[in-house]
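There are two complexes below, and they share subunit A, which is joined by subunit B in the first and by subunit C in the second.
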Partner chain A sequence: MILYITTIVVLLLLAPLLLSFIKSLKMWLLFKRPTSIFQGYRNFSKLLSKETIVSEETSAITTYAPFLVLSPLLVTMFFLPPVVQGAFYVSFVDAFTITGLISLSTFFLMLLGLDSASAFGGMGSSREAFISALVEPAMVLTVFSVSMMAGDLGVGQAGVNLAAHFPKEHMASFLFAGISFFILLLAENGRIPVDNPETHLELTMVHEAMILDLTGVYLAIIETASSVKFVIFASLFVSLFLPFGYTYAAPLAIFVFIAKLFGVAMVVAILEVNTAKLRLFKVPNLLGIAIVFAFLSLITFYVLGA
Partner chain B sequence: MFHFDTLSTVFIALIILGVIPNLFYSFGYLSHIQRKTHYLIHYFAFIFSMLGVVSAGNALVFLFFWELMSLSSWQLILTEIESDKTIKTARFYFFMTHFGFLFLLMFFLVVTNGNLEIGFAQMKEIAATFPYPSLLFFMLVLGFLSKSGAVPLHVWLPYAHPAAPSPVSAMMSGVMLKVAIYGMMRFLFEVLYPWPLEWGIVILIMGALSALVGILYAMNENDIKALLANSSIENIGIILIVFGMGMIFDSLHLKALSSFAFIAALFHAFNHMGFKSLLFMGAGSVLHQTHTKNMEKYGGLIKSMPITALTFLLAAISITALPPSNGFLSEWMVFQSLLGSTHIENMSLKLSIPFAIFALAMTGGMAIATFVKAYGITFLGLHRSTNAKHAHEVNLLMRLGMILMSLVVISLMVFTPFYITWFDKALASLGHLSVIHEIFPEGILNMHAIGMKGGIVSPLILLGALLLITSMMLFAYKVFDVKKRMYHTWGCGYRTSARTQYSSAGFAGPVRRFFGWLYKPKESLSKENVADHATKFSDANYTVEVKPLFEVSLYESSKKMTNLLSYWVYRLAHFEQTRYAAMIFNLILSVLFSYRIFSQEFSWATLLIEVIVMTISIKVLVIGEKKNKGSLR
Partner chain C sequence: MVDFFIGLFLASLITALFTTRLYRLLNWYAFNSLTLGILALLIGTKLDDNAMLITGVVTIIIKAIGIPYFLKSFSQKFHFVRQIQPEIKVQYAIMLIPAILVFTFYLAEPITHMIANNSNYVAISISSLFLSLLLMMEHKNIAPKIVGFLSMENSLFLLGITATDGMPMLVELGIFFDLLMAIVVINLLFNREHEEELNND
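Then we have the complex of A and B:
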């Protein structure tokens, strides 16, 4: 139980660090002077101390939606697979619940975008709705495929099973599912090539457009939500698709896990530097690839058993 | 005559749960209706007939109440005749519902041997001796699914349901569609029981198509009631997906999975009754205040109509299957039964179930987009018209109706185990396996799936956790007492106004563009350019119109076919006498030739010669010269 709480706290504390790490790594790769990797914490504390400006055009949705964006993600943090062998994990939650909770958070984010009565908010919501509608099938199929390889639909149990018995005999379908899940990680977190988190240009923004009118505590909450979401996806990816280092002693295992999270962040950063953002109507092609890989994974599992 | 078993009581409860809040709402709405007596008579006849259908004990009573239900709802559509369109819609509804009735009548005439007063058990014996059970199945499908609006029998639904007064729309979408599902269930279980595998697949395919088509058209709809009606097609599709899955599992002797799937179907039927009634009531309240169904004229209604907005939000969360709502729980069950396909031995079937999963997941994603649009454009932002500006909260009775309905929705969320136990009992009474101990093996907190290890959800814990964490954050926010300042939304230096907001058509834009091959939208854009600048304009008008593909391809092209056919019959009746002689000559020729082909020895060479001779003689003698090719149509 102590390990369980510790990992959640560590992951939560780590959340802003990961996104700042990606940002500074990208700047370094582009030969700019990188920002500090602790910039996330600085932003957070700065935003907390600022006053909140709320639009006169908005309604009660803006008052409550930021909390409802963050809380499903915080609840999801409690359901992640264990990091250390023998640690407590929640066994009564399956993968559909997790995808549902993430959708709940996105739902309120989209409402938040529409509430400010600005063209940007509506545009962001519309695009986000479009992208997440296409993410959903790929997500469900990937989850289905992984759960068959792990022999369990429960996220925690699946993580444990995969760590105890790596599915060497199903390597092909495992790999396909991994590729699909990684594309979903990029899409759901609004990274390049789906969305550019750094731009404020109306042609390209998706996530930023929805929160353009927020500031102060509300913005801090939303920023935290997006970093928590990245941590959730990264740690799901790490525990389901890179399940090694789980059997070590507690501090070492946690350290290995964090190192793997930074590895994922590094891959994301390198991908972002090397690809351009896709046009909105090219995004379905990328998500189509994810869907195809998920199907391929299922078919190879069923037909070839590989 | 009447027959009450657990299945009947389940559906009676569904009707009563749907009707009681509706009664309050309906009386609140009554001031809005001009022909009050007409409305009330048919309203109560409608309720009464639905209760009659689900408790009927023989075919005659069933058909009587079925017809009464159709006729009373047909008259209810005609309560408010706004334009010729309403009359046309009502006529279409009348035609479609009797199209279905015809097949039901044929079904009953076959399975009762003409004696319509015998019970269901005797019907089963007669049906067992009937040599073509698939024919009976298709009669049932055409009869009941034309009522519940499954693709391709759904075209009337997005017109008929919105045309009725809002309480009736709520009842038609929420309750009447479920009565059709009841009919399917009753006669498939009790009369046509051992199902071949193909029947389940037919239902599954129809369900998957309905779900996708329904939600895609809902997404693109700007009329709020038509949006909800299209989403009803989607939800019926979801029910049919899992219903078909149940049939497939049953014919493959996976009895526990089959029961689980049917429980999911019943549960989703209940949930859809709850949230769709609530959504239609909310839409009705908005319509009542703004006097328009066009979503582009709404906006900002959450400020003036808080209760409507709150109940609508609850229903929207539920219909988009977001946890911890009841809609999520039933959709979760549907997903779990689809995942149970891992137990199917037949490889080709096993490989095709993921496509249904894909369709369902896509539907879920699109549903989120659709209801974000429905909620956001209607209730959030600034008022888009003066009508919306002058809207205020509806009267007490209507509010009470909506609150009661949201209580029904919440009860479905909180008392899930109770409902599921009851559905399980209903299925057990129809001779299916009872699976309640597998679904709730360790008390009522955790709900387990059958067929997939680790498929567990605990609705109450999720609800508790979400409430706890949200309220903790809100509490912290209150404690810190953050300074708050009000200011306008940033509009790039311009003033934010109602015109700068995203519109409903704009919100659906990306989806419309991506699914352009399905929608085939007719777009037109006219601009008043300023001083010949290509990008500067003082006034612009963009319209987009989408015609349902199925209506165009199935209904209108069959209309065209009939026209063409009747034209040729007309031509045939007005030939000259020499033509008739030529035709008789050709007929004799073809009879002789075919006699030779069928009874004498066959050779390709002579066949070829005969075909050439026939073609020439028909071309020269019968068709003759075509004078004006263009005037054929």
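Then we have the complex of A and C:
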């Protein structure tokens, strides 16, 4: 139990660090002077001490939606596969529950965007709805096919099974599921081929458009929610698709897990530097590839068993 | 390990179906050929077949480095259209590609009963054959059609090395020389067309 709590706390503390790490690595790759990797914590503490102003046009939704954006993600943190052998984990939660919780959080984020009564917020919400509607089928299919390979529908149990017995005989379908899940990781977290997290007041933005009116504590909560979401996706990717180092002793296993999370962040940063942002109407092409790969992974597993 | 590279082979082919830029398509073709070469090397070491090892090395040199380089230089020389929009819309392609895959997986089932080992690889290479046919069909420009033709040859090669445990060396080298001749002929053809265009102007 103590390991379970420790890993969740470590992952929560790590969340702002990972996003700041991506940002500073990107700046370093573009020959700019990189910001500190602790910038995420600084922003958080700065936003907490700032005054919170709510627009007169908004209803009560704005005052409680930020908490409802964060809380489903915090609940999801408890359902992730274990990091260390012998740690407590929730075995019965399946792909549908996790996808549902993440989309519940997205739903409240969209409500928040609509509630701000600015044209930008509504536009951002409609784009977010468009993207997440395309993400969900692929997400369910991918996690489902990985669970089939692991031999258990529960995501936590699937992570444990994969670490104990790596599916060498299903390598082809495992690879397809991995490609699909990585595209989803980029799309759901608003990274570059889908959305640019660094721009403000640009016609292409999605996530920033919805939270443009927020200040102070509410903005801090939303920023935390987006970093927690990245940690959830990255750790799902790591424990389902790179399941090694699980059997080491507790501190070493946690260290290996964190190193793998930073590896994922590094790959995301390198990809972001090398690709241009897609036009909004080209985003279905990318997510279509994700859906094709997810489906392909399932049928390769069922028909060929490869 | 072989499964992993077979997966990469099919994955790069599917990604090539969705690309809209010529150079990126050539990169995917080069990656596809690279995985094919590595597969030949892996299966060759498993079967202890020296001929297949040589074929693998020749595949990597010619198909993964040579042909993409030549095609790229042709496209610069003759000013090909570099934006290649597929004729089949993406939303239809999303439905069509899984349908083709399911169809070919079941199509290959009677054959796979006849082959003792690596029966899955036959199904995957037949499906990649159909997918490269789709790559030829979905483009109107000549350059992606050539790439489709070349990747069809790749999948036939995969079928050769997986289903028959390696064709005779002579046949494989013959195919390579055929391919090089095809590239030379394509070059001549483009030269002729280019000259005629200049004359017309």
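Simple rule for what comes next: the second predicted complex is superposed on the first by the 305 of 306 C-alpha atoms of A that agree within 3 Å, B and C clash if a C-alpha of one lies under 4 Å from a C-alpha of the other, contacts with A are read in each partner's own complex, and residues count from 1 in each chain.
Simple rule for what comes next: contacts are C-beta pairs under 8 Å (C-beta built on N, C-alpha and C of every residue); 3 or more make two chains touch, one makes a residue touch a chain.
Only a predicted model underlies this, so the values are computations on that prediction, with no experimental measurement involved.
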Between subunit B and subunit C, the one with more contact residues on subunit A is chain B
Have a look at where A:291 lands relative to subunit B and subunit C in the superposition and call it first, second, both or neither. both
Using the touch definition from the top, say if A:147 reaches subunit B (first), subunit C (second), both or neither. first
Give one of first, second, both or neither to describe whether A:125 is in contact with subunit B, with subunit C, with both, or with none. first
A:29 contacts which: subunit B (first), subunit C (second), both, neither? neither
One more residue to check, A:250. First (subunit B), second (subunit C), both or neither? neither
For A:68, decide between first (touching subunit B), second (touching subunit C), both and neither. first
A:303 in the overlay: touching subunit B, subunit C, both, or neither? Say first, second, both or neither. both
Figure out whether A:10 sits in contact with subunit B (first) or subunit C (second), or with both, or with neither. neither
Regarding the shared-chain residue A:107, is it in contact with subunit B (first), subunit C (second), both, or neither? first
Using the superposition described at the top, list the residues of subunit A that contact subunit B and also contact subunit C. 284, 291, 295, 299, 303
Subunit B residues within the subunit A interface of the complex: 300, 302-303, 306, 317, 320-323, 328, 332, 335-336, 339, 342, 347, 350-351, 354, 357-358, 360-362, 364-366, 368-369, 372-373, 375-377, 379-382, 445-446, 449, 452-458, 461-462, 465-466, 469-470, 473-474, 477, 480, 482-491, 496, 498, 500-503, 506-511, 513-514
Using the touch definition up top, name the residues of subunit C that touch subunit A in the complex. 1, 3-4, 6-8, 10-11, 14-15, 18, 90-91, 93-94, 97-98, 101-102, 105-106, 120, 123-124
In the complex, subunit A residues that touch subunit B: 51-61, 64, 67-68, 70-72, 74-75, 78, 91-94, 96-97, 100-101, 103-104, 106-107, 110-111, 113-119, 121-123, 125-127, 129-130, 132-137, 139-141, 144, 147-148, 151-154, 157-158, 212-213, 216-217, 221, 280-281, 284, 291, 295, 298-299, 302-303
Write out the stretch or stretches of subunit A touching subunit C in their complex. 168-176, 179, 284-285, 288-289, 291-293, 295-296, 299-300, 303-306
